[in-house]
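Labels A, B, C and D are assigned to the chains in the order they are written; within every chain, residues are numbered from 1.
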Amino acid sequence: MSTVAATVTSSGEAVQFWILGTVAVIGALATILMKKAVHSALSLAGTMIILAVFYLANGAYFLGVVQVIVYTGAIMMLFLFVVMLVGVTAADSLKETIKGQRWMALLCGLGFGILLFTGIGHAGLNHFNGLGRINSGGHVEGLAQLIFTKYVFAFELTGALLITAAVGAMVLTHRERTERAATQRELAERRVREGVQLPPLPAPGVYARHNAVDVPGLLPDGTPSELTVSKTLRARGQIRDVSGEALDDLKALEQRSAERLGREEASK
Amino acid sequence: MNPVNYLYLAALLFTIGAVGVLIRKNAIVLFMCIELMLNACNLAFVAFSRMHGNLDGQIIAFFTMVVAAAEVVVGLAIIVSLFRTRHSASVDDASLMKL
Amino acid sequence: MENLIALLIAAPLLGAVVLLCGGRRLDRTGHWIGTLLAAVSFGIGVALFADMLGRSADDRTLTQNLYTWIPVEGFQADMAFQLDQLSMTFVLLISGVGTLIHVYSIGYMEHDERRRRFFGYLNLFVAAMLLLVLADNFLLLYFGWEGVGLASYLLIGFWQHKPSAATAAKKAFLVNRVGDMGLSIAIMLMFTTFGTFAFGPVFGAVGEASEGMLTAIGLMLLLAACGKSAQVPLQSWLGDAMEGPTPVSALIHAATMVTAGVYLIVRSGAVFNAAPDAQLVVVVVGAVTLLFGAIVGCAKDDIKKALAGSTMSQIGYMILAAGLGPIGYVFAIMHLVTHGFFKAGLFLGAGSVMHGMNDEVDMRKYGALRKYMPVTFVTFGLGYLAIIGFPGLSGFFSKDMIIEAAFAKGGTEGWILGGVTLLGAGITAFYMTRVMLLTFFGEKRWQPDAQGHEPHPHESPKSMTIPMVILAFGSVFAGAFFEIGERFLTWLEPVTGYEHGNPPVSAMTVTAATMVMLLAGVGIAWGMYGRRPVPVLAPRGSFLTRAARRDLYQDDFNHVVLVRGGEHLTRSLVYVDHSLVDGVVNGTAASVGGLSGRLRKLQNGYARSYAVSMFGGTAILIAATLLMRAV
Amino acid sequence: MNFPLLTVTAAVPAVGAILTAAVPAARRTAAKWLALLFSLATLALAVLIAVRFEPGGDRYQLTESRSWIADFGVRYELGVDGIGVVLIGLTALLIPFVIAAGWHDADPLETSSKRWRPTQGFFALILMVEAMVIISFEATDVFLFYIFFEAMLIPMYFLIGGFGDRAHSGSDENAAAQRSYAAVKFLLYNLVGGLIMLAAVIGLYVVAGNFSLQEITAARAAGTLDMATNTERLLFLGFFFAFAVKAPLWPLHTWLPNAMGESTAPVAVLITAVVDKVGTFAMLRFCLGLFPEASKWATPVILVLALISIVYGALVAVGQRDIKRLVAYASISHFGFIILGIFAMTSQGQSGATLYMVNHGLSTAALMLVAGFLISRRGSRLIADYGGVQKVAPVLAGTFLIGGLATLSLPGLAPFVSEFLVLVGTFARYPVVGIIATIGIVLAALYTLVLYQRTMTGPVKEEVRTMPDLRLREVLVVAPLIALLIGLGVYPKVLTDIVNPAVEQTMSDVKQTDPEPEVAVEAKNGEEAK
């Protein structure tokens, strides 16, 4: 890497840029186009790692490492946690409900992109200085010097911001129980008073053939009852409807028994 | 190759992110798109840092990361509590702003 | 001595304040306080008069400057008084007749529970009227001018529970306000012309101003005089003003306030002398009113309204005389003073009659009262003889002088004016004889009043008859006293100036003609009302009689043109204000509301939709910035 | 640094407002007395200002100046000239009467909750308005003035919308709707005016570089600050529009009848006698001082609008059926006179206009407060519901008549002096305008006397037969006002001495001299010879 202004980088970097850049754009597109949130998250993680590589290529070694560790490692994992919490299998409907929203968005995006490109094109950035001279005293030391002198206030402020954010997240998600938990007896009495569902709710699973909680119990006519599945799963839409399966099973059983009986009849 | 190409890439990623924000309804994906936009900015900062030959761009990118982290923490907390009450992570469900 | 001038006004003013703010505890003594303070004012007036007589004719003017009333750059109105012979005459008339009428009112208002307030108003009137005649500048005169208007308003409407009284009071004030407009414009004209409106400087500088300006000032002053003195075309209020208690009619609407217009014109003689066109208009107004009032007076059956028509007519004489210029100023004032005596006396007599007749005012329901009210009959009769100009009584001298002066104007004008005044004298004799005959002669035509009480005519108490006697005394002798040795002329000449004019006929001829007219008037009246019985219900009468009963339709004209027109105007303006002016505002508000109602649909509540707008806006902003830089 | 008298005068009512608002719900009477006490203290300070003010001295006296927003040259600058002194005096004088007259207007209803504190709020808002009005009269920094000119709307909005007249003709809901309509109309009108003025204020800063009235006026007078003709005219119009809304001038007047009709009588007095005066005061001080050339340019149009206000206001007043709306239209007519006097550009006209502001405040206060007492007795604002009141309540009728006579400018009462000065001042420069304006004096008599005749005279109506006469508290409110009206009517010198020098200054700002009389009369009178 030269220490004077240059206009061209090494051809190796160019190859790397074109290959990885393509992948990054694909990753970005996948992020916004994948139906399932977990796929989006993984695509984004990929794009971020590529960006980390670009940081390294641009001489921002520290940042590149932080990008991998903090961003891809911590933040993206946080995303995944939440995705799991909300329901990993839940797929987004990509159907647009607001009239004209998608077209407006695309139009604006296109216009904005064209603007940015022309702006960059007109900026006339034909030569660059490179970081050789700055990094000569040690890259991380250089960063540290700036952070703790010129940007010390901003640094302190971001620290405060982080703490605030942490506290804020706790406040938002933590729910203090403000009343005594109802005892079993009280719950039973309430049930009787309301008169909606006197006995306990039916259990999931069909004739104990499944032990998963996401399989609804079947009513005598073979239709599934949503009452048997936990509320959370119902909300996520993660009920595994096995009614058809169960009926098929039943049919198969009857057929098998009929065959056996038939054979027995034949053997008679 | 000219490092300006990094800027073009950053612009492209930023635009993709912005469009994503506009067309996705799932709040989590929406957040990811925002992260994408922030990352695109960071890339531009890093490229600038290289062009100008000083480290200030990288410092800004560094701060951006911190802010993004804080934002994600709070944002995800909001999503979680929202999900608890509404059983949905769709931003369109939270449309009480109209009269 | 000059320090006493302010006291002249202060005494009755104090009375007014004490009586009006004193509350009920003064109910029993209030009328005495009021009368006393009016008398104090008269006493001071007499003292000043005596002092004035003691000085030479050129040195009789006293001035007193209290303080600067309104001091603004270039505009200096002083609270300053000027007492000269003209003012002195008025001071004595106002406070003298005023005191007498205070005394009369003690008896007349005895049964009115608001008597204290009545005396407060009377005192207020006396104070304001004195201020009017004592002011040394036009603005202060205006102060008094409106002050008497207020007192007149309060007193006409004294019986406010009667809607007719309240309406009459309002009408009087409003018509007077139109006149006041004239006075204020006159003051403004003086200010822009001379930079001042004090009497001395203005009259001193008259010679330097253009005649057009002086004519304008004169006409505006005339407008004011018309309002206050009930001259055509602002005469309509005086008849209605008779709704007030009779002492008020006597003092304000006969003897003093209504003559303020004459005072104003005589006082501003210097202006009128330099503006012949304005003078001509003054004379015409006087002549028209003279006949107008006389004709109206002939037809009225209400004794007070007949007298009111007479007042209008007599003031027409005075205005006419004042319009003649220096030939007539002195006689205008002289007639004013004698008229003050006999007309006040006549009104008090009428009041006395009403007092005895259950407040009946229709003369057709009187008759034969001379036996029941001898004092009233004699005093009223003397007043009657004075007003028609019976030889030797005051009216004879003063009216004769005016008729002579009218002829002395010279030329065709002189003949016309002389003729009109002569005709007026004849009609005066006719309608006054009619009043006299209907009231005191003939047979009883008494009717029970609305409550069914039969009238029991009786003589009025001493407090009422004594003022009547004193006034009758004045009506008999004042004229002769003034005329013998030309006392009055000598007295006033230094202020008003005098020239003899050149009468085309001799004084004797005029007197003889007047006598003929007088006899003719009396004779016709005797023929119509003395020889044959008078019907209680008025006959339909000729067209002229009907017109005169309705004040020659001037009220109908006012009603149609001014009242109706005004009502339509205000009603349509209220509509315009509500629908047009406010409508534009509310319409704007409604259309903005409608537009925002439509724009509100953009606010669909979806955050993503807002985000698109923001994003698009950002794009446009960046584009704009780039374009600006490119340019 | 001297004792900051002006700041303290404005601060005392503000502090009073806060303390009054903090009084606990149950101690309602204490809040009233507290408010009255603070308003009286303000009055004492206003008197002190008048005493310390030297009529012959500097133009602006008792000045205070502190840096405030240094970046934009905004300073906290206070100072009073003669016009300011009398108007501060008027404000400080009227507020105790307003408070005393409204003593029971904001008492909570029997049914309302124990913690409800309308009384405290009512009196606190009145004091707040007083503080803001006083500081508007004191401010010599355009921006400072603007802030308080606008901020005044907030307490006024709540006073109009929150404390309506309990006497109304329709149902409660209808009355509430009317009231909120009036309050919103008041607010919107004045906000639009204020917004346009804000643009002009910013424009002035761009042109002049600072906000100091004294500096700009001096620079304008000395010719060191040139404005392009069109710029000056636009800025002038921006300022004038706001003041014309506030004043109000035809055709921007329609908010006033609504606001005065729907609010309680003391608040109506506050609107027309105090708050609106800021508009006319500002025309005199800011429009003429900052934009002399544009003022002269706009004069013909403004005079015509003022004339329309005078005649139109009076005529519409005649046609009103509601007592308070009648007084409101009468006020519109009177504001026409004030604006006429200001823009006649003669010293008589401007002195007259300044006196007119004071006198109109006093006369309207007298008339409106008595009308309020009347209305509170019968519970109706309609003229037709009254008749023969003078028979049962003579003191009430008498004071009402005096208020009415003051409104029609009877000589001997204060408004006459000012009205005549305005007429003379206008006539001297524009005779035709002066003559048309005199029609106003006839029309004033018409609406006043018609009102008096219909309510007070005639046979006694059944509903008013038991009407009590004025109580002691009410007499104590009205009597001093009447005494002042008479006192200033016969001896206005106390005010003219203070006002005249300030008017001369304004006249020299606009480079105008009085028209000379056609004939010079020597030694007009002794006063001038001295």
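Methods note: a contact is a pair of C-beta atoms (placed from the backbone, for glycine too) under 8 Å apart; a residue touches a chain by one contact, two chains touch by 3 or more.
All figures in this text were calculated on a predicted structure; none of them were measured in a lab.
Student: Identify the chain whose mean C-alpha position lies nearest to the mean of all protein C-alpha atoms shown.
Tutor: If we average C-alpha coordinates per chain, D lands closest to the whole-structure average.
Student: Counting C-beta pairs in contact, which chain pair has more, C-D or A-C?
Tutor: C-D
Student: State, to the nearest whole Å, the distance from the C-alpha centre of chain C to the C-alpha centre of chain D.
Tutor: Centres of chain C and chain D (C-alpha means) sit 36 Å apart.
Student: On a C-alpha centroid basis, what's the spacing between chain A and chain C, in Å?
Tutor: 100
Student: How many angstrom between the C-alpha centroids of chain D and chain B?
Tutor: Distance between chain centres, rounded to whole Å: 58 Å.
Student: Taking each chain's centre as its mean C-alpha position, how far apart are chain A and chain B in Å?
Tutor: Each chain reduced to its C-alpha mean, chain A and chain B end up 14 Å apart.
Student: Would you please write down the residue numbers of chain C that are in contact with two or more other chains?
Tutor: 604, 606, 608, 612, 615
Student: In chain B, which residues are in touch with two or more of the other chains?
Tutor: Within chain B, the residues that touch at least two other chains are 18, 22-23, 25, 92.
Student: State which pairs of chains touch, listing all of them.
Tutor: A-B, A-C, B-C, C-D
Student: Given the complex with chain C, which residues does chain B contribute to the contact?
Tutor: That would be residues 18, 21-23, 25, 91-92, 94-99 of chain B.
Student: Mind pulling up the chain A residues that touch chain C in the complex?
Tutor: 98, 101, 104-105, 108-109, 111-112, 115, 118-119, 122
Student: What does chain A use to touch chain B in their complex?
Tutor: Its residues touching chain B are 7-9, 11, 13-14, 17, 21, 24-25, 28-29, 31-32, 37, 40-41, 44, 47-48, 51, 54-55, 58-60, 62-63, 66-67, 70-71, 74-75, 78-79, 82-83, 85-86, 92-93, 96-98, 101-102, 104-106, 108-110, 112-113, 116-117, 120, 125-126, 128-131, 133-134, 142-143, 146-147, 150-151, 154-155, 158, 161-162, 164-166, 168-170, 172-173, 235-236.
Student: Would you mind writing out the residues of chain B in touch with chain A in their complex?
Tutor: Within the complex, chain B contacts chain A at residues 1-9, 11-20, 22-26, 28-29, 31-33, 35-36, 39, 42-43, 46-47, 49-56, 58-59, 61-63, 65-74, 76-81, 83, 87-89, 92.
Student: Looking at the complex, which residues from chain C come into contact with chain B?
Tutor: 600, 603-608, 611-612, 615
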